[in-house]
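These are the structures in question, set out in turn.
Next come two complexes, and both contain chain A; in the first it sits with chain B, in the second with chain C.
Up next, the complex of A and B:
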């Protein structure tokens, strides 16, 4: 019998990790109007690098290298899609489709390398658990919550206070006016992609850590549960992405815990839940939880 | 890339400039004009005459519209402006206030003003503070509501914010595109006063206007564009007396009120 508190912690951990990926979707979409379907394979790339490097560099070193390399790969992908030109919202669907192609290429190569293996990322938490009152929680889940909270907080602070964040928000609203103020649109966009890559590599660690068995070639697909989370939040709102991710993580954990009572819905309903939640919310609020927010007066 | 520091005695020289959109649509043909340091030059003309295109060529935003300078040259002081790099213009001290205000609606007043300094990279806090004080002195209304979303300001306040945002980059030459557009007559007078005040503080102004009365009352020199070519040019007071300008842009009956 699981306790509600334990389930909530599980859900929170899951939601926090989804939020890392969902924020990646949001910054890229906000900066370039592109839905980055390669996010899942970027995540797998980051996880794979951590897995192969941790013997030599230690976990922290491997993770740092993987985060950096994935950020660079995402930045390179951005340059591949746009060159040095300015993002053009009218043709963003072309680049969106190109990201599907890039995803297939990356995923094929990584699948070939990983094969049927389960790779350990060498994280320090292993399968140890902590006791909070009567509840046992995996250390990796607590770490997921703590690390994600710090990373998400950093992203929010960047958004709000840094010149890059201000440039991104201004350019998302009015590219030309931002350009007139001297915002370098291309640079802002490339940095957004780098940030998304870094967040994906970080998320990979927690998706492969206990209680998951390790990194496998399908780990990247989990990223797509963060996709409904980003949509739920309105696609352009970081707080929205966070709220959507937590909602989906909590729902998923609660459904998984009460699988037996929900068996009328069929086995594996937990996997479908993110999309079910997305559809339900969008029925009520077509622009997402935070999508319609925004003051405008003509 | 050598970046000359903003030059107080720099003049804007537009020489025989042709601008073409999408390689086919000719928007400007052999247009020349000069804005002397500290001067006010008005650019008049009907819709589609090429006024905004000329500003885009100077501020470097032609590329966003798939346009390019195909002949002639634009220089501000020692800086050559090629119509394709807004950052270069901002760093040289040339900043444009776009037509229709275009403030960032979801950003606060404060944040909108911060965007005005983005092109200059890192600046000393004292410099930023000085620019902000200047804006707040000009527009006390903005100082009263720094945390309000810009989209909730009135049209006139948004125009003030758009001008204030540009002033945050401490320009030596301000490009104003139709600042009176869609504003109530009282607010138009207020904007005219502000432009005069900004100019008195030493900033040159290139003013694009459909409200010819207001523009000619502010400007030393004026140019009239017609379908991409210069139709008339000369001292503003002289132009205001020519028949063509009176008939086409001032309107016989509204003459007295508009020129006020």
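Up next, the complex of A and C:
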């Protein structure tokens, strides 16, 4: 039996996981103006590593290793593809398309390895549920909310208090000025990629945990749903991405729960409702809910 | 300013060359078997779609990942309008209406397409692919749902572009569906090239190029930014619709899963590999991306490192090998030759002696950096 409270919790959990991915988009975008289309395959890479390693290392060890490895892979991709030089706004569009190429490569390889299998990540929650009042919630959902809250809090603290966060904000504001003030743009960017990779690997765990059947090759596609979340937030604003993710997650959970009443829209509309929300918001505000209106100087 | 040619299509052919090329393209049905003709047919269809996308991305500087959706509108539009159940219109009329339908779908999206810029439009158009796929699965009275529906053959004045029981032999070669469709594809591709080049050289084409190079400057010169952006989107959707019709005729069955995000990415790969903003480049890219997996499947047993399909898990099958290759092609081309095959061809030709005869217009673009065609290489809007 579903109830509003249960649906809201589901939505919150979903939104929290989207927020992990969406924050990854936002940090990379802030640091370099590149929209990272390879985020989905990075997510799949992290999930795959966790699935492969958890027999040997245990879940926590496997997750730690996967997060680290995905962060390193993302950082290496950045170094390898975009060089050590300072990011150049003129090439951001080209680099965005390069990330699509990287996504094709990574995704092809991972799909080939995963094949038609459903991989278990060996997470400790299994299919156990908790009861809150009259509502039953999957433990994995509660864990998703808790872990995401901690991770997102940590990222926000990093933005606010660390030297890297300051550099990132400065670089996003004005690259030239930041560079002249001694910000090493290349390093800021590489660290942003690492952070995005780590967040993606973390998100993979919760996307593959109960009630999802496990990690499959299409799990990476879910990262695309974080695009609407990041776009709603205006792409440059971390709090905006968080708000957008929660909005998307809640909408998706509520639509999925009220499938029966919404049958005109067809079965599985919940899966595509994030995109519908994005189109509706872009119609009203082309720069997103929290996006700054760009000013162009000639 | 008035008669300076805009350097879009530097592979421009002289009329004699065009005629020779057209005649050459009429020959394959007499020499090649159905397998090669099918590859050619899919390539022609892809080329039509890629030219449309190239107009949008290369000329207007707008990125679209929604091309699969417009292909689907064209393919399903034709099938639903000409087939049973449906109004059962004459197929030729259905083709025209399907293309218009794709244009209308693009027009409906234009409130977003006109205001969202460059790469953001790419993300916004992701929505079209996913929503469109959902629609194809849901509206099964029109689309046939998950299993799709079969495509009625195109007939034009009693002549069917399919096997119709009557034997047709031309110069001793029996003309089956592939041979007939080849000429249809060729004609449609010819129309596409002709109109696209006309458009690029026309007033709106120049306005779009100005828009890509600097939105502000173009607006100051009197270009209606929103109107031109949405018009570019509509035109590109119409080409996609036409490509969709041709694909539907070639496949003889349309299924929703074909029109996925991967297809949109394929089209993006085509124009990137070919070089943004040129008709010839888009065509070359389309042939590369379309023919590669088909050829690798056919010759899988002779290629090193490639397993034949279905030979167990974990082996690199031909489809995967093709995807590796073109994923790598995108990355390498963008990093080392950002203007694609088209740019490579131009550079090679530039090194050949005797290319700069007085008759040929200067090949060098007028502006400072030879950056023209990518939305990518848009100069920073900034005063020095």
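By definition in this document, the second predicted complex is superposed on the first by the 291 of 298 C-alpha atoms of A that agree within 3 Å, B and C clash if a C-alpha of one lies under 4 Å from a C-alpha of the other, contacts with A are read in each partner's own complex, and residues count from 1 in each chain.
Everything below uses one rule, namely that contacts are C-beta pairs under 8 Å (C-beta built on N, C-alpha and C of every residue); 3 or more make two chains touch, one makes a residue touch a chain.
Computed from a predicted model, the values in this text were never measured in an experiment.
With both structures placed on the common chain, the touch criterion links A:64 to neither chain B nor chain C.
Shared-chain residue A:170: touches chain B; no touch with chain C. More residues of chain A are in touch with C than with the other of chain B and chain C. Once the two complexes are laid over each other on the shared chain, residue contacts for A:98 go to chain C alone; chain B is not touched.
Contacts of A:178 after superposition: chain B is touched, whereas chain C is not reached.
Contact with chain C, but none with chain B, is seen for A:276 once the two complexes are overlaid on the shared chain. Residues 296-297 of chain A touch chain B in one complex and chain C in the other. Across the complex, chain C meets chain A through its residues 63, 111-112, 115-116, 118-120, 122-124, 126-127, 130-131, 133-135, 137-139, 214-217, 220, 261, 265, 268-269, 272, 313-314, 316-317, 320, 323-324, 326-331, 334-335, 338, 374-383.
Here chain B touches chain A in the complex through residues 59-61, 63-64, 86-87, 90-91, 95-96, 98, 102-107, 111, 114-116, 118-120, 149-153, 165-166, 169, going by the rule given at the top.
Of all residues in chain A, only 35, 81, 89-98, 100-105, 108-109, 111-113, 115, 221, 224, 227-228, 231, 235, 265-269, 271-272, 275-276, 278-279, 282-283, 286, 296-298 touch chain C in the complex they form. Remark: chain A residues 86, 163, 166-167, 169-170, 173-184, 294-297 touch chain B in the complex.
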